[in-house]
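We just call them A, B, C and D in the order they show up, numbering each chain from 1.
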């Protein structure tokens, strides 16, 4: 006998751009949305019965239609509207999940002002939000970002680690520390000023990264998470992923040259990988 | 107070290629390995104490060294050796995980034979294996593949779904069905002929996909998983992810032409997303 | 004074899939088309005069419409129709260029047959064609492919090269030779059996690569091109690009192990780069 | 008979990061270098004679070694040193080409200051330089950038274009204009303040893009290039590539909603493509 276990379906990579035309200036939101539903879909899988299936094409249309009617200013608020809308209209759905990522468009800077209707995209970093709702509880909101690429050229060492027969890494009291931070955090309440908290969290992470006397990626990751939980009382936890994007010191002695920690080769692979979850404890 | 929750660290994207030089022909294994460890690393995070830290650079060396001494013929066996080796030498580690993906190199086909030392890479599809071990239980082995890109041009319909005020999708009794299958399965025992089962599973999935009278992606996904669980008694479950890679019928009536299900526009975004877990039930 | 120099415009990444429904089986063509036009467009640039501008959206529609009416069996024939159509309807255009790449869908292999309406995509390699036409000459047709990833584990050496103060590479009489071949060739006539010649050229390149006693990438590249020009009289020249995708031998002596040319680390960067143009000479 | 035509070889994707440790702050240069050589290499291709071949591995070492000894502050100066070094030591080389791209690391902004040794990478845009040298002339230096992603939400129309039987695009007097600018320019002299000119050119392009009353991509591209040639007397020409990254207005009337130019779907494919070369004319 076969049992259908955990399953979900939905629409991925629904792109939508909203241009708010204020007097004197415009604002732009550029979002990529994923909707996933769980519910009573057994007969669709086993019998090809589509009578409870909301087509994923309709989910796409829902994003467009709601983007027009919504007054949400941020991804988290839009995500809350989206999952509530889907649950309300689809009794067969037990859990609705919206994952949104944002490409940030900033007004073009001109000398001492910014241009009201011209925008530049800072494309490396990506802001994210996830809203999950069922029929009984308040929705959970999880915000974050990905690919914040940062580098410390001072204040980073790595010594005192295990040496065994397979060790070739030398100790270093002054190494480069490059990473691409991914962060996710949950709020203690679903009604907080998401945008302002996002800025504060990002700023704290950067501030601690810059100031920390790092003994390892783990050591700095923990200090960054600890700093955020201390500064931002509105969040319950934070999960940080920080690959160690190695920069290898080049051996120039082969060419009769010294290399006083100046010439490095950054490599993409292999890379170290460190992730940890920090939570507030009562 | 802050608590350190779930955490792990390790090395990603360790590439290793092994050339086995048999008399008369060679064989090639081209693997990308990720190692992740869990254990008692609290003091590293909170105090910068590296005395229990096996450097990720050493993990990389471990892959190279073990690749030489190992006689493993497949990723699963190599993964089992790797996690056993790491657990045995590192008492502070409680869980070791190895994730391996393989790029397949096939001997070049020449008329009626194959060339013994020349290889071609079929790069789209990727074979995967994951081995997780702790100190008390047998290791769990999970195999799979990603990006098996397939298409049915007959035997696929989608009708009878929910229509509401946001529906624009027409019903179709003859649509294209394109997807990129991702599969993962667990074995009932960690000592099975992994390679042979992998082939059988892949073949069954393709056979069912081809023969199925599809009423939806869900319907076909379920039939594929059911077929595998029926054919391959050695596995406990299978998880299938099958995005619906839409091919849109072009409206040529604007140009005075008909389009008898012949001209389509494949799109990458948005795409449908369907995933389900099927397990053997007693 | 400013002069407008070389310029062109058009549409990129126009995807179109054509399903030919023969009795008993289907065929699929999956093409991505780029159209670029040159002509008398000065006033558009300097004055914003769009009266001679065929919108790129219309070019996209042209691809769809022509895909329906065309009986072309291969990219080269479709490309010829496309540029002829554009030149004929747009007197302001002096040169039209169509670049097409194909994703190959093969009928699914089942034991001793193939399935008539189920397809598998071999996604790594990409077939290409380029057709350029003006108002006076026959169109030029240039075919090719990209990303044919191949590897020789025997018959490759690299010795006798220049040694200077910056040399660290050791000579090798038995190295791995991995590359991703890109090829382009021009025909002596625009009316040849493109598909059959493409197969023959690809086969010859692989055959020579396999058999060659390689003294360098250059040496093998030349032999491959020479082989094609000898075998395929219908082409005028061939241009080959063959990056040297290095596989580094791992030094295992640090761990008390030997490495008899068995364990390698493939790297993506840096990589060698070799390109050459071979032409038939009278 | 076969003739060897145009050919070149070298090393691609040589990454090097240089950390300049000034008192009180550091600076970082993060470059990816490609070196390509042309010269008398016929016998290597035809006979496997490597006696004139500088291994590409040595080219890689040259980048590292020169990065240490060089005092170049920008890619252009480093590229000039690199090609001069290669030509001087390798009489068999007739042309040496260095192509460099830079990932920009900016000092982390903190309230009213910047951190002296912590950096953030703005990863979307990429700065480029190309230096080509032979044995008789001054080297040519060509600078540029790629992937400057910008958007205008006002001041862009597209009307008055050709309408034919394949036209479906409506005219628009107020459309979004999104693009990813690629630019390349040549200098009138190889000894100019490259960094300062680069900033000025980028600023001018953005300023004109923002202010222009656009009648088409071509129209704005031309105005941008004209503006640069007027402002920056040190360059001879500029080549601009500006894809039209379409944002499609969503038809919400199907859902009983209006859409006053507010909700768009950005698409990656297909996209318009416009390129032009503007040069100073005497």
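What to note about this one:
The criterion applied here is as follows: contacts are C-beta pairs under 8 Å (C-beta built on N, C-alpha and C of every residue); 3 or more make two chains touch, one makes a residue touch a chain.
Since we're looking at a predicted model, the values are computed, not measured.
The chain with its CA mean position farthest from that of chain D is B.
Chain A maps onto chain C through a rotation of 180°, based on Cα atoms and reported in steps of 5. Note on chain placement: the centre of chain B and the centre of chain D lie 38 Å apart, centres being C-alpha means. Here the CA centre of chain A is 24 Å from the CA centre of chain B. Averaging Cα coordinates per chain places chain B and chain C 29 Å apart.
Multi-chain contact residues of chain C (touching two or more other chains) are listed as 15, 61, 65, 166, 168, 254-255, 268-269.
Residues 15-21, 26, 28, 30, 61, 64-65, 67-69, 105, 108, 110, 115-125, 147-155, 176, 206-207, 209-210, 247, 250, 252, 254-255, 257, 259-267 of chain C touch chain B in their complex. Only residues 165-166, 168, 254-256, 268-269 of chain C touch chain A when the two sit together in their complex. For chain C in complex with chain D, the residues that touch the partner chain are 1-15, 34, 36, 41, 44-58, 60-62, 65, 89-90, 158-162, 164, 166-169, 214-219, 221-222, 225-226, 229, 237, 243-244, 268-282.
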